[in-house]
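First subunit A sits with subunit B, and in the next complex the same chain sits with subunit C.
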Partner chain A sequence: MTSLHTGRLRLALLALPAVVLLLPFLLAVLFVLRFSFSGDTQVIEGFSLERYLGLLDPFFLRSVVLTLKLAALSTVICLVLAVPVAMLMASITQPIWRRVVTSLILLPMILNLLIQSYGWIMVLGPNGIINGVLLKLGLLDRPVQLLFNEIGVLVGLVQTALPLAVFPILGSMRAISTQYLEASASLGAKPWRSFRDITLPLLKPGLIGAASIVFAFNASAFAVPLLLGGRRVQTMGVAIRDMISPMFDWAGAAAAGVTLIAITLATLMAATWLSTRTTQWQGAR
Partner chain B sequence: MPSTTSHAGRGSFGWVMGTLAGLGLLIAALPVVIILIMSFSGGTNLDFPPQSLSLRWYGAAVDVLFGEKSEGTMSAFSAMTSSLIVGLITMLASVCVCVPLSYALVRSQGRWRHLAELLFTLPIVFPLVVLGVAYLLMTEALSRETGVDLGLLRLAIPHITLALPFVLRNCLSAMSGVGVDLEEAAMSLGASPLRAILHVVVPLMKPGIMAGLIFAFIISFNEFTVTFFMYTIDVRTLPIWMYSRTVSSLDPTTLAISTLIIALDVALIAWVDKLVAGKGSLF
Partner chain C sequence: MTHDINRRTLVKAGAALASTALAFPALNALAQNRRFAGKTLRILTWSDDTGLAVLRNIAQTFEAQTGAKVIADRTGSTSEMVAKLKAGGNRPQYDVITLAGVGAVALANAGLLEKPDLNQLPNLQNVDQRFRTGADGHGIGYLLWTGGMLYNTRTFKAAPTSYEEMWNPKYAKRVFLPPATWTDALDTIVAAAMLTGGSATNVEAGFKKLAELKDRVLTFGENPTQIAELFRSNSLDIGAVYAPAFFAKELKDPNSGLGATYNLKEGFFADLMYTIVPKAHPGESSVIHAFLNHTLDPVVQGKMAEDVLNGPVNLKAVLSPEAQKSPFIIKPEQLGSTAVIHDKAVIASVRDSWIKRYTQTFS
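Entry: the complex of A and B
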């Protein structure tokens, strides 16, 4: 074997090309950070907090509130759907069915966001499936607006984030031994009781992880609010884009972007803190 | 694994969970299924269910993508070739740097690996919008200061950034399966360290490398958000072209093109799945 010294050098050289390719990313992040503190809106000049203060206007604050609201709602819905889906996936024994269900769940992540929005337009639109069925059944006399508003965006957010919620919960679920549930059933507990007292508490780390990922992901959403919200749903992502064009307030967009990063970072850190506290508590029992 | 079916008297629990699970799967798959069905519709409107079935829109799609009307930089053909070229650059560049990097990380002693994995995972947790803004601002500043026009690299560089985390994961898991004893055996038989890597390690990593290549391509080909910020008149991808076309209204030809893209994605993912089968998951 070569000596440790040249071994280290050789390894560093092997890692170098990758670091070079990652550099644009790191530079871009620093660039945006610097730009957000610029005195001018078009170029980096001077140092001022003006851009951040400029974010305190009603237009942007409204988009922050909307973003947080949609992210929170979609997180709750995702969790409510993801737990049953994870239970389903965990209980499938035949590999072929397992792959089918896994592929179904993975679809939203792999496929083009634009293409999937076409699907939703046809399902949720005024001439779409849902309205068509409801009108035919006589439950409505006019199509209900499910698209190009917050409802459409919410549906899209839930769909694209569902896989992100399912996998952490599935991971947690796989770690729950059937012995617990069998023991509880033999003691006479009904399924709902077992679920509430055994499954849910043991799922907590997975739930926290899933909730934080979904919240952070949906708060940063851009394509879904853009494509399914018409021009009416101004989440932070869309607001940032409007600051670039047509408003050309680049430094403002940078500041808004940094704010968005701060929100997602805070969410992820809160989740990590929460989950360490939970496991500590569970470990101490 | 917990099973809800082994208890007597499931009652409402099984029902509720089953319905919710079904709803979840339905929501996940519905858009794709609808697009699939509607692309075969014979009529010109988008009412469901389709009155008749036909392949006419696929003919129209092929015509749009490859036909004579497809000239110039604003055309579908040009957008499609740009998508393919950018995808190619992304996949080759990502894999070429991740293979040596994964070798270095797996062979080094622990500490660096964790740090590097963290560093290279950053692009995933970073909001795509802000990434788009950041790259745009930097590229504009660059062209203002130096007059350099990056052309397709405008798109390739951000795509590489987005693909690196996934490609690295694939290469790391492939690399972990190749023990140091194999290299040492090769070297004890007279091979130089470089030959040992090229002729022993890399071939053993092949499935993982292939999976990484395909994954990087899929990510690049389907990318929308960051590309949305970075595209220009001369440089655009197929998703961007489709977006410009459908801003005002949705037409069946676009659905046919969408189904073709979906078919491509599914085929590529199935290939990756076969390559990675049993050797750990992609995510």
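Entry: the complex of A and C
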């Protein structure tokens, strides 16, 4: 047995516990897939496409468009915010400060979402800090609604997904040798030029990874739209939840869930393909 | 061997008999207390304050009175309860479940429930006829979920007296409504219909009236704690139909800015919550029926009402003087005149379409 073969076998054995843990999840996904084709709404019985045809309802299609819109917008905003944060973290050399900044970045993921939503009421609410300041400055006659609508949901999605964007980009950032930037500077390139022509292209794997994670995370978001959308932002996650309770339409919810998975995967694959094509086209130039 | 019956023997025997007679009530009580000793009852109830009140006022007192052990599981919604029971199949984990009517109807229709023997529920005799059973006899009513109006005590010096107040332009963007998926949303549709001369069977004008609020609603109260915070921070003025039961603590706190009223021209809404018994339940029938009867006990009913501001179904519910004066606890005598109680069959037939229309009206 070659050492390569032995190495692979060892890796496979190491990965076995993880596979065993993931197996129930995969089985659950298959179960949901089967349920989505059920002829009955509450038990798996027969085979029918009725649940999928029901998703062609204009109201549900609006949920699909809204979900993709919010997921895409929040992804772009997360990437724009995550790059400077990752650059800052990459520049910190002292371990204590690295830990402090890492903890601050992770805070939205650690803090209970309900508590965060109360924080947002205080900041974005009709009597919150922002409206209070703007009213005091005379820039507004009456409060602007920043919460319980798409704006509030977008803010919440960005806040909760930002850590997921920062760490993949940080990984790519740390892999960039400072020698490239030094060489660029010595040739007279301004910092912005170095960033655009050297740093950003080298960050691409991290950016694609971050975008994929954030998009998938926010496309299936349910708690943030529910808490910060005031029930006016009907994303697919919320629509699926409504199908289960109080409609008891488990098969319909399963069909919607499978559709959400398919749409998210298709969007991610399309984005990756487009990115690869763009790189090839730029390389050919 | 002969027994000499003399005065001393007679006195001794008499003393023994007297002691036994005196001890009999205590002995009897002890026997009653331990009548289900060694037996186990498994219940499923809510994970919110109502569920906690069920554990405190019903389950624990039942244990103390009967010696039975009550094992409680808690969950957040009726649909989860329905799902748990369906997942159990022929081997359900629970003997008794407390849930909303819609869940009871769904489970009864699925053939998963047993009809309790009403002869084993003597407390049922004191329950208002309308609230005794439901879901085709499979559910036993145990408390009323009542919906009224919530208002900002800083804005309103006196409680509003009509749902029409929500349409007052000065409260634009400071109004909240219940979420489409709640029964309270169905109540709100009926309330809007009543304002236009309609009813539960004639709601078209009600939907048109609700549409007028589309741009005036700040939020739909999916999370009661969030609603309480919005009242506290003076961001909301009024909302209905919503259950004051969610705000038992806040209504006692003058700094919360939150008030509630059932005293509305159009009436308030009452929805019956049920206890149900799954088929092939693991526990004994006698224990189950004793528990069901216990939920209807006048003292238990009074405690539940005071704790979570639900309406008692037992006409002889024992309420403290303070509870008697509370405007947030519906008394049995109020249920006749101004309570709007839906015909479950009518609501079941329109529920899905109303939920969709309500969502579309405000989307």
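One rule holds in what follows: the second predicted complex is superposed on the first by the 236 of 285 C-alpha atoms of A that agree within 3 Å, B and C clash if a C-alpha of one lies under 4 Å from a C-alpha of the other, contacts with A are read in each partner's own complex, and residues count from 1 in each chain.
By our rule, contacts are C-beta pairs under 8 Å (C-beta built on N, C-alpha and C of every residue); 3 or more make two chains touch, one makes a residue touch a chain.
Because the structure is a prediction, the values reported are computed rather than measured.
Chemist: Should subunit B and subunit C be called a clash or a fit once both complexes are overlaid on subunit A?
Modeler: clash
Chemist: Quick one: classify A:Phe248 as touching subunit B (first), subunit C (second), both or neither.
Modeler: second
Chemist: Thinking of the overlay built on chain A, is A:Pro126 touched by subunit B (first), by subunit C (second), by both, or by neither?
Modeler: After superposing on A, A:Pro126 lies in contact with subunit C but is clear of subunit B.
Chemist: Just to be sure I read the superposition right, which of the two partners does A:Leu134 touch: subunit B = first, subunit C = second, or both, or neither?
Modeler: In the superposition, A:Leu134 contacts neither subunit B nor subunit C.
Chemist: Of subunit B and subunit C, which one touches more of subunit A's residues?
Modeler: The partner that reaches more residues of subunit A in the superposed model: B.
Chemist: Once the structures are superposed on A, label A:Leu114 by its partner contacts, choosing first (subunit B), second (subunit C), both or neither.
Modeler: A:Leu114 sits against subunit B and subunit C alike.
Chemist: Between subunit B (first) and subunit C (second), which does A:Met173 come into contact with in this model arrangement: first, second, both, or neither?
Modeler: first
Chemist: Regarding the shared-chain residue A:Gly230, is it in contact with subunit B (first), subunit C (second), both, or neither?
Modeler: Only subunit C; A:Gly230 stays clear of subunit B.
Chemist: With both complexes superposed on chain A, which partner does A:Phe59 reach: first (subunit B), second (subunit C), both or neither?
Modeler: second
Chemist: With the two structures laid over each other on chain A, which partner does A:Phe148 touch: subunit B (first), subunit C (second), both, or neither?
Modeler: In the superposed model, A:Phe148 contacts subunit C only, not subunit B.
Chemist: Give the stretch of subunit C that clashes with subunit B in the superposition, choosing among 189-197, 225-233 or 351-359.
Modeler: The listed stretch with clashing C-alpha atoms is 225-233.
Chemist: Can you list the residues of subunit A that touch subunit B in one structure and subunit C in the other?
Modeler: Residues 43, 114, 117-118, 121-122, 125, 127-128, 244, 250 of subunit A touch both subunit B and subunit C.
Chemist: Mind pulling up the subunit A residues that touch subunit B in the complex?
Modeler: 1-2, 7-8, 10-12, 14-15, 17-18, 20-22, 24-25, 27-29, 31-32, 35, 43-44, 80-85, 87-88, 90-91, 99, 101, 103-108, 110-123, 125, 127-129, 132, 155, 158-159, 162-163, 166-167, 173-174, 176, 178, 181-182, 185, 190-192, 194-195, 199, 216, 219-220, 222-223, 236-237, 240-241, 244, 250, 253-254, 257-258, 260-261, 264, 268
Chemist: Using the touch rule from the top, collect the residues of subunit B that touch subunit A in their complex.
Modeler: Residue list for subunit B touching subunit A: 1-7, 9-14, 16-21, 23-25, 27-35, 38, 45-48, 93-94, 96-98, 100-101, 103-105, 107-108, 116, 119-120, 122-123, 125-138, 141, 157-158, 160-161, 164, 168, 184, 193, 218, 222, 224-225, 228-229, 239, 242-243, 246, 250, 254-255, 258, 261-262, 265, 269, 273, 283.
Chemist: Once bound in the complex, which stretches of subunit A touch subunit C?
Modeler: 42-43, 59, 62, 114, 117-118, 121-122, 125-128, 143, 145, 147-148, 226-227, 230-232, 234, 242, 244-248, 250
Chemist: Which of the residues in subunit C come into contact with subunit A in the complex?
Modeler: 77-80, 82-83, 86, 102, 106, 110, 173-174, 179-182, 217-220, 222-223, 225-226, 229-230, 233-235, 351-352, 355-356, 359-360, 362-363
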